[in-house]
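Labels run A, B, C and D following the written order; every chain starts at residue 1.
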């Protein structure tokens, strides 16, 4: 009987390995497809310490598979290049020294071609590895799946980092084009009433989730109301034009400091060109799409706008409970996310935005990170950040689920970050 | 009948006014008594942007009464000195410009004597005002009560700021002495098991509370265990000596950055003098009191110690639920707080420490700050800080209650901040 | 014969010792007289890293005598307090560690009274020492003389540092008053023509000079013209009002960076109050004294004004050659320096200003600093600074001589620094 | 007669135009030849605010011709691209706004190919322009000559900036190779005695010179001695190994601050690899060439080494007087400069180094910058810098002359900067 069970398990593992290899290849290919419009020069530069060069994203996601999958499990593993390990480690203290984050843009070598060669080499080895016997272990396949999801996260970062880099260029280069017509947004003033109560949140279904999405646990919610749609750029423009950035009473103290120190007068990338509002995007400068969800807000701006409206931001529990309840027809997520398909696949760069929640990023009750260096994936960032929920136009479709917890420091604006209102 | 009710209300208000006047006078006198050991020079200097000169604390607490009580309510109010208003405003955007926080120590004038004269003058006017008819209004008396509690908070800050200032002096001056013998602490490894469930937390009883302690609301807790006593200095010393400050895997990412940038090797004020651990206190350098609660920890250090122990910090809700349940015999608070009496009153500077919780400082559901400038008291700081619960040896007795929410940024170490463990 | 010579030398040395003791006592007393108008609080605060607290000046000048005179020469020398040596060392690497310069204002202890007690104690010991046999050596008396001149330099710094500190106070305190009427200045547009040639400059006469004033050496000057009087505040005001601070072509590149980074729009301490120009002084805010020499200029401002005038700044050699030639009737120095008497003695705080020269501060040919730690007095600062010549209203009369080389970085403005024009 | 003179002048101008066109083409071609070993990625990155990306050097030198030659003089001039003017202006306030210096590395567009296209286009127009009538004016040809010399200066900067960039890369890339064998150096302890006197210095011969090399004027020199050869790397290594970087008494105060703040322990690019000293160069890491002149010293290090030797640095006048006197046989310059030919032409990257002088960079008597924006070329930097004399292995041969004044701030180390000793 034990033998039969093992055989069944083995067949299932083989199927999973095959399916993961397929997913691996699609993900790796999509990453490279996203880079097609780039000039070699665009791969190299780091626009600020928070962002990374495209070249680094390409190398780092590859290093992740080499280090956490092949390193401990490939028979006769030998590193591709010892210095590459140093160059492409992001923040894993457990696997050795690394290039300082703020100096990723100092590295003109390896060249772009050399990084693509590195990718191709690891892809070959991963292909061989995933069809070998040793790969058919749950813990190994879990690491592969983590690596795939990790690379998908970097697809979004790669695009936001590129947008930031190009925005600094007075030539206002467009990476691609033309911009698609944004869909017509519903008003954000329609509220869904919710009576509150005791609910379970957190990931408990089948399928992949990051460690920070669990464990599932109960939360109690007081009655609340949440907006059916996110705030639009046009609505946020009213706040800008009503002098919202000059009224200290609307802002958190730290937010007001940022407004003054950085001279914020509108969301990132917005510019008033001879009286007409435009914003910089991967299509270059485009007219402000007033019906689309507002994006490139910091938490501070989202919070100030909500206060101006006599409202507030929802907590992540409120958001998740609503997202689950409405997920049968997908209405809630769809309204927020709009077209959450990867840009290379579909209609594109326009569309949805992550929404800031009122919840600081903390571990759920009984949270335990994974053992070993991959345990540094999420847990060690659980302070000084706020949770964002939903997804953006740059988010891979596979990542759109009610339990997904994105997080950034409250001053971050270069991600595709918008907001949704709540009351009570 | 309306007349009779009014009369009853009036009598109650008069009684409350009389009682508040008494409290006002005691609080004001205690503040000045705390300053008795100071040299004139000690009043003037600001040791870092987060701390303030003693002279500023004396003036600012006075300004609070002048601005928020006398200003709007005293008949024929005239400001004591227009420049004083600029000098003593802490962070209230709603009442005009102010001396930048980091430059409070540049002001040698007004002199200490002039600040005491300012205090005396406002005290006279407050005495007259509180025995007048106009003061007998609930909203006015609420402001007076807020001012008294505000000054009590500054009594604690005044002492921690002084300790920080004197710690920078190679002469190692003692402000007072000798140090009392700390009580014998229970071991922090005894845990109270709690089965969790649905509880109400937040302030709902009679008596003063700050706005951030409410509104009361329900929270759901998973089963947990909380240490019966706080961690002692001796226990934390084991972490220090076991190399805890050199093991990145124990630290949050932001915490590890601080350890490296600031060269932290032990809690603030600790020093290894020829093999013997000492710490700087208001008594000068004293031998490390190993049985007393550890203090002068940042949140990062508390979190790292807990991880080293395979434990975690409690949430503020867990703490509050336990504190309420055990408050019949006062056991829980006492073990944590030890001797929470103002130093000038009793045994003193030794003793309890605030304990960091795992909870970021956020508004409770349906929280609304007070109208007007006093609404800036708490709400605008609800980001980038962590909640501390309990009290310290410097905390006025009146502030020791299960709902009190203290808060500081996670890197702050100059307050009397320690920790208590939790599990599950 | 040798015996007789020795006796003669001995008598001369005794006379010099007696005369130096007299000078010592007068200098020490004047320092303290300058402090008479201060409140205790004014002694303590450091307004910027370049300035020092009054209390520190009082202690440091005392420490100089203790360290360099008594330390090596007093029989049975014992230090007054070992920590004081750490606290009062300014920059002498050769005599041990020291309180970091930027943190001199963190020290509320020793108190002002304790510093005066320190002064009195060292004064007693110096009095005894200077009447003892051991003091009657040339090298020892040279050190005493250096110490006296050192303290005189600190008298000027003490006043400029105080002025800077009080200027930061919105109460605009006056240290003393009322301001004297400034003398009527001659126009700065009258030029003295000089045919140039080969000249000797540098100190070669009898009498005290700092090491940097020598050795004497020859310089060749091309024909030049130098203004008979310094530029007045009124003349500089024309530059301000003609938009001089907004015209990049008038400025050195580093100067223009400062103008933009610091927002300079006029000399330090100048303020346009409702259309009338005032400046902050030790008399508080006073009307701009247009006929007095302009002061509180950086080198950059002096240089830009000269360029605006189609002129330039004189080199220090040009200045010195003229000062010597005109010194028979004292006309040149007098016109620049006006009333160079110590403020406590005479007419005071109004008056002359140091004048920036076009000469970077470099060693004269064959310059050698003194042996030992006092060799750090001047030589190690001979880079990144510009020479100033003349004297100011704060300069002790004994320091007014044609060879005196004052020096500050080109961005410094808190000294009493003005300018004189030259051409060709 | 006037007609004939005009014709003669015209013929001379035509000849000069033809000769300059030749020089223009050679210079432009050499710049591009220097870039041949680069990968596209190497062109883009700015390694520090003081350095510029290669791509920027290529564009900026082109912009110089477009702006100062074609702009005012080409008939029907139209700018190549208005944004390019903004991007490639270095520091000329007189010709409009510019990309901030520290952000030159943020620009991935224009691409390298687009910059080469820009160069080709301006080269075509310059070719046409220089064969037209309008170019045959002295003032116009002077500007062309300035532009050629300007581009030659940037050839050296381009190489030093590249070296700095590549030095930050843990892959230690070699741009070219192998390293040539350095020539055998004479000992630096042989001194040339000079009796001093009155001399004329500054540019007065025919041929191009920068404005800061004149006007010629007389200086008086005291007797001195100057080393016949520069200090070698081997000699400087003795200082390193004798603990010179740990002895504060050898350093200027500002230099000592740098040593401590930056952790300097040896010249830039030196590394002790398992006991053997190496240095990073454009050939990658190479063994320290002990017989070659030491390079990559700051002024502070040169000054400290001299003090350690009981010597000093020569003034620029001493250097120039010797260079002129010895220039008949070229011995002096040759010994310092060794192989001062452009790397692409000859033996190369090894060899000579600029030598720091003791002279701050100041205008010569009666110096007047050129009118208009090119007047910003040199004059506005005449503060806070030290003069270097000689040439380095990267210096174009045409720039090696006794009057050439190079200048950098005293802390700069990424240029090819060494030293020569002087005494008395």
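In the analysis below, a residue touches a chain if its C-beta (ideal position, glycine included) is under 8 Å from a C-beta of that chain, and two chains touch if they have at least 3 such contacts.
Keep in mind it's a predicted model, so treat the numbers as computed, not measured.
Chemist: Identify the chains adjacent to both subunit A and subunit B in the sense defined at the top.
Modeler: none
Chemist: Please identify the chain with the largest separation between its CA centroid and the CA centroid of subunit A.
Modeler: That would be chain C.
Chemist: Roughly how far is subunit C from subunit D, centre to centre by C-alpha average, rounded to an integer in Å?
Modeler: So the centre of subunit C lies 38 Å away from the centre of subunit D.
Chemist: Between subunit B and subunit C, tell me the centre distance in angstrom, where each centre is the average of that chain's C-alpha atoms.
Modeler: Roughly 47 Å, centre to centre.
Chemist: Find the geometric centre of each of subunit A and subunit C from their Cα atoms only, then give the gap between the two centres in Å, rounded to an integer.
Modeler: Each chain reduced to its C-alpha mean, subunit A and subunit C end up 61 Å apart.
Chemist: Which chains are in touch, pair by pair?
Modeler: Every pair of chains in contact is listed here: A-B, A-D, B-C, C-D.
Chemist: For the complex, which residues does subunit A have touching subunit D?
Modeler: 39-45, 47, 55, 83, 86-87, 99, 103, 105-112, 165-166, 168-171, 173
Chemist: Can you list the residues on subunit B that touch subunit A in the complex?
Modeler: 91, 93-94, 198, 217-220, 222, 224, 248-249, 251-256, 299-300, 303, 358-360, 362-363, 365-366, 376, 380-384, 386, 410, 424
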